[in-house]
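The first chain written gets the first letter, and so on, giving A, B, C, D and E; residue counts start at 1 in each chain.
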Amino acid sequence: MKRIVYREWRVPPARYWSLLGILASVIGVAALAFAYMEHEGHWVTGMSNSVVWGVPHVFAVFLIISASGALNVASIGTVFRKPLYKPLGRLSGLLAAALLVGGLLVLVLDLGRPERLVVAMTTYNFRSIFAWNIFLYTGFMAIVIAYLWSMADRKGDPYNRAIGIVATFWRLALTTGTGAIFGFLVARQAYDAAILAPMFVVMSFAYGLAIYMLVLMFSFKEDDRPIGNRILFRLRNLLGIFVLSVFYFTLVYHLTKLYGAKNYDLVGWLLLDGGIYTFLFWVGWVLIGGLIPLGIIYHPIHGRDRNWIAAACGLVIVGGLSSLYVIIIGSQAYPIQMFPGQTILESGFFDGVQGAASSYSPRIPEVLLGFGGVAVALLVTAVGVRVLQFLPESLADEVMPPDEEASGRAAVGAQA
Amino acid sequence: MTDHHESNTGPAECGPSQPDRRTFMATAAGVTAALVAPGVIMHSVAGPRTEAVTSDVRWGLLVDTAKCADGCSACIEACDRENGLDLQTQPSGAQPTRWENQKSVWIRKVKLQDNQTGRVTNLPLMCQHCEHPPCVDVCPTGASFKRADGIVLVDRHTCIGCRYCMMACPYKARSFVHEVMSNQLTRVPRGKGCVESCTLCVHRRDYGEESTACVDACQAAGHEAIIFGDLKDPESPIRMRLAELASRQIREDLALNTGVRYAGF
Amino acid sequence: AQVALAAEMKTYVVAGSQAATLDSCVEPTDIMRRKHMEFIQHQRDKTVHGGIRSSKHSLSGCVDCHVRDEPDGEAVPIHQKQEFCGACHAFTAVNLNCFDCHAAVPKGPGAALASKAAYQAVGLEQSPRAVSDGKEH
Amino acid sequence: MSFLTMVYASLYYFAAIVLLVGVTYKVVQYARTPAPLKIPTTPAPTTRSGVVFRMTREVVLFESLFRGNKWTWIFGWIFHFGLLLVTLRHLRYFINPVWLPIELVQPFGIYGGIAMVVGLAGLWARRFFVDRVRYISSPSDHFILGLLIAIGCTGLLMTFVFHTDIVAVKSFFLGLYAFDPPPLPTDPLLLLHLLLVATLMIIFPYSKLLHAPGLFFSPSRNQVDNPREQRHIAPWAKRLEQD
Amino acid sequence: MAKATFEVPELSQYIDVPAVMPDTMAHSMPFVAKPEIQNPLGYPGELVDDWQERALEKMGDLLGRYRSLRVYLDSCVKCGSCTDKCHYYLGTKDPKNMPVGRQDLMRKVYRRYFTLAGRFFPKLVGAEDFTKEVLDDWYSYFHQCSQCRRCSVFCPYGIDTAEISMAAREIMDSIGVGQKYCNEIIGKVYKIGNNLGLPGPALADTLEGLEEDVFDDTGVQVRYPLDEEGAEILLVTPSADFFAEPHVDGLIGYGKVFHEAGVTWTLSSHASEAANFGMFIGSYENMRRVAQRIREAAIKLKVKRIVFGECGHAWRVAYSFLNTLAGPWDFLDPRYPVPQHICEFTYDLIQRGQLTFDKSENDDKVLTYHDSCNVARASRMGDTPGGQFDIPRAIIRATCNHFYDMDEDTIRDRTFCCGGGGGLLTDDLMELRVKGAKPRVEALNNVMQEKGVTHMAAICAICKSQFTKVLPYYGMEMDQIVSLHQLVSNAIVLSGQNEDDEEDEADEAA
């Protein structure tokens, strides 16, 4: 097998710096938005005592689970011993770390008292899944760094597989944990479901891979590095499978919800009657994030066209954001059912009078904050690939390792 | 300060008489605590508490919805005054309808109609001081906690404002302080970026007062719909009433064993 | 540690506060200068979690004793740059956010009760503010 | 004035003079020594502003060190960044009124202090565990690291455990400006901290700590790559031309 | 052919940083210059009696004249970043070949005599007296530095050990301890005009021969003129180009390029040497004297432009110092930079589409490219930083179908020295040269294994000579190293060139 050569991303300085400039200005604007929110308080956002987590959480959760998904590519390479994926590993690790940083930053900056971050880092309530998540996130970071080291440094090579396996499990735990943040909320009807955790896992696979593919294609194109069809179609097929799985889980989720009879009204509301949430569910989640990308991926002609593949990835990402918007915000907007069998006529606190959902409309600062997180993730990635050797010199078919089927057989042969 | 207070006194029915009475209470409980204490609630320490609270008591409320009057809001206003919630002002530039949903509410009135019978019930709803509070379970820093005497509080020195507890509370009992505060009261510090909720008037507990602001107000308004007391003490008035009335917890199915009970619906 | 000669030091106790009329803080001055933050933070945990209101290091106590009253009786928020906490912290560039939440002047019903323990610690029954006239809140 | 205050006051006058005069002397010496040939390490910027940018990257990010050795870079950078924060925080002892930006970064100085000690520990560990670095280390290298760690640890102890009277410390230093220092608190940790700091100030102009000003004068980093466009000639080399 | 009295290092797949083994190379010393070599350069013939005093005096003098020396001796923090960057350390494991180890040989003397701390607490700061042992170490180890500047790339302060080696050699020269190889060559330049001592008539002969060869090959009359007054371009090229393989193939290439460009050009017998060994011994005066010859030749031949042939340190002296040493060049055509590199010249023509290539002529080779250190880290080509990396590669890409770079850590400004630079290209340092070449050869070997590379192109006379000698020690062929313009020469299609010839050549190659 040929040695894979990694090289720093060497796009022309003018292009590189303008890319950084754009990202930095997005981050700058987001920083201003944060300063404004922090100075005034959260009343300048669309969030309220009814919808307490808004757009920043949509972005944060999206970035965090994507981080886990982005690492999936590396895992496939090491843990499942698919040599074809090995050259993709380093970028996968970097992207995972970057997305996590972006996501956590959004999460932290949306806190009511972000200056107490150090409190959050030093005092834990171990019964809180959220506190566990803090460990999961910092642990993830450490493991990804170790993983990257084991991929990049020759001294780390012997540990690569072990770290890879740990990373895989940690990653699953992390997405499960993130899903469980919602899944454990018995109070809210839409969340209270164990299936949310596995659903988040497959979502993470799909969104993380979509982001990964876009970043890979973009960076390779800018630097005139070749990507062979073999690997690209592999990734594309994988994306197809993940999108299908998300679909499957969506279905099961709604079915289990319907199974508990008391949830008819919730499901009905969401699917038919939920206004923006219904729209986002059908158009964003199902159509844009599912059917259209699947159509592209399995289309005999478009499915082989790089621009179409990139478009499919983009749509999956848009669909992902929509689905998280529906999951996170829609579920809060739907009133808590405190008095079964009773209709609330009046309330001093928006308790779903006559079953009405709470209103929420995102405000500009919170949206900017979300974009800031994305920009941070991309910035970290852009700087990372520039200063360190993350990107393989070529992914052209002829330099790639043989398909794992072949080498798998070889390995079996060797063992025998 | 005085003028401020006047400007905030609520509807005439319970307003004016309040301050004086409370001043009296405060002085009475403080300066001559020893004189007042006997005969009141056995477990409460008279005067500023010197020993840490214990689980010998569990404070709770019983709401007799049958007595809760339609159109009355005395308890709400009393709570607002007691805890300085009436000092909240809409930030200039805030959109009024959204602000309504952003300002802190510790106790609210809810009016229900039974879908089958059509019976209408009024009740005040606040933090239920659950024995197994989901808000405490989820709080990452441990800022939400249950005091030994059953009161569920937020330690606002360690609350990071993540609002996870609000997601977790089945009663929507908590509020997030969305705006910068000023003019707080000495006994109830509160400020931007933290989550808060009914404290069962914890300062009154610690200074040995016998009741809560809402209870007092309801009584003063002549309804006596809320009773405060120690759920662990079989002799306490609240236990006596509980024995008399059929009561329930809201969302009993969650098995949170709430400290606030409702009778009559 | 040997005591720095407090007499030679500038003091931040402001004229017009209760403290200006008294000899000692709740702890010796050089200790207060070094460790007041620990005291109040310690007290804070005891109060919030244990409900203990009878110990001398309460923040309400600090405010009550150290706050300066204008001649007309109006108290000046203690964290302002010229005032007790504010002046010293400005000198040492310490930003406090305690008064985001805590009242910077004694205010509201029961304020005197909250500072009572601190006064008792220095041998006074309670804040003169509480008894002087009825307008403690 | 107590004896101790007097000792420390004189110590600090002395240390400050040594530091100031020593560093100024060195800087002037560097500036006056000609660089007769163009020797930037290429690829190098071809404009002045490019050089400023390159220098900034070196000073802020330790770019070359990053390319050279990741471990040293990470520890070195943590240490220096921490040191920077600590220094900014310390400014509050020396200026009155304290400038707003200092007031804002001041709380981060504590983390800076921790970072600084962690970074130093890492750097020190290298001196023991990496044979090449062990080979090139002389006692003074260990000494400076030890000194800085000791300064950091005494400082951190003061911050977290044995508080000192900050107001008095600040008054003392402000008093030094007016040649009339009020008494210094006599907490042993503070005195130790200050003693070590004075040592650091005194050895600065004679030791490798000169790397801080030195970097700015390094010809392989601060020269513009334009020898074909502009003739670059040192005064002493010009004299050769006249003969 | 390779017979070794020392162990040739084993190649591995990666750069291995060896554990330190002190004094493995203490025995390596080049021959000392005899008085008759020293004197023409203005140095004492042998070690003077009061050498210590005179050396320190010289050191003080240099400290006052070179900011680099002063700052570098003060600033090193012993961070260790440079320790594993020198090819001589990687090849020999001798810690005094770590750049900082090498600097410390001088730094300890500097500290002892020029700093307060060293005067009072020598042990503490590692200061030492300047003893004869120290001087021997100097002679040994400052002649184990090829002045490649690789260490300066990774040093946080840009400390350039080359500057320190140069100063050390200058100090040693000034007390009568000179290196035979360098000083002899400088003497030859003064006497005859080039390093190899080729007199004018011999040059003329060679060039005539070249013209005939090229005509035989291509049927085109390509000229290789010498001393032609009024030519537009003066070509200054290392004297190795005049006869040795693979150098001469490069010279043939230059001629073809000039021919296609349609410019008149000439070589000069007075300045028949691009190399300037004055740099290696750190002597500004000698360097200047050698450089002045180019000025004299340019004036005499009334040329408009100066172009340099392929040579690394020559290009450094030309690009970075020529203006300083022999400028100003106001009598030349201001539209062109002075001087220009032959690669810049060729690249420019390629950009303008004036050259036609038949890449298949080089199809028998799979190429990689060795960035010569002085080109890579001490000079530039073209207008933008980094042109020195891109322009040669662009030329290779224009002339060859198969090109692969070596590992990223070993090319561009991180390139490894060939091991023979800095005045060490002498047989008495063979062990050092072979060991020092290890990192480069290792990287070459890797692309040979992985990409099937067969040849390595270079644009430096020293690199080419060094590799021709050293590759066989590692079991490779000496002709695996080629001139860049040899590739150009192979692929270029001269206007009016005979088609048949081309086919013939192709057949031959096949």
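Basically, a contact is a pair of C-beta atoms (placed from the backbone, for glycine too) under 8 Å apart; a residue touches a chain by one contact, two chains touch by 3 or more.
Every value quoted in this text rests on a predicted model; they were computed, and no experiment measured them.
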Considering only chains that satisfy the touch condition with chain B, which of them also satisfy it with chain E?
A
Min route length, chain touch network, chain B to chain D, equals 2
What's the distance between the Cα centroids of chain A and chain E, rounded to whole Å?
53
Report the inter-chain centroid distance for chain C and chain D in whole angstrom, where each centroid is the mean of the CA atoms.
41
Just the number, please: Cα centre separation of chain A and chain D in whole Å.
43
Residues of chain B touching at least two other chains
180, 192, 194
Contacts with two or more other chains, residues of chain A listed in rising order
none
Give me the residues of chain E that touch two or more other chains.
none
Contacting residues of chain C [partner chain B, same complex]
44-55, 60, 63, 100-103, 106-114, 116-117, 126, 134-137
Partner chain D, residues of chain C touching it in the complex
1-2, 4-5, 8-10, 12, 30, 33-35, 37-38, 88, 90-95
Contact residues on chain B for chain A in the complex?
73, 76, 91, 93-94, 98-102, 104-105, 108-116, 120-121, 125, 134, 136-142, 158-164, 166-172, 174-180, 192-195, 250-251, 254
Going by the contact rule set out above, which residues of chain A touch chain B in the complex?
40-44, 46-50, 52-53, 111-114, 116-117, 119-120, 123-125, 127-131, 133-134, 181, 184-188, 332, 336, 338-339, 341-351, 358
Hey, which residues of chain E end up touching chain A in the complex?
13-14, 407-408, 446, 450
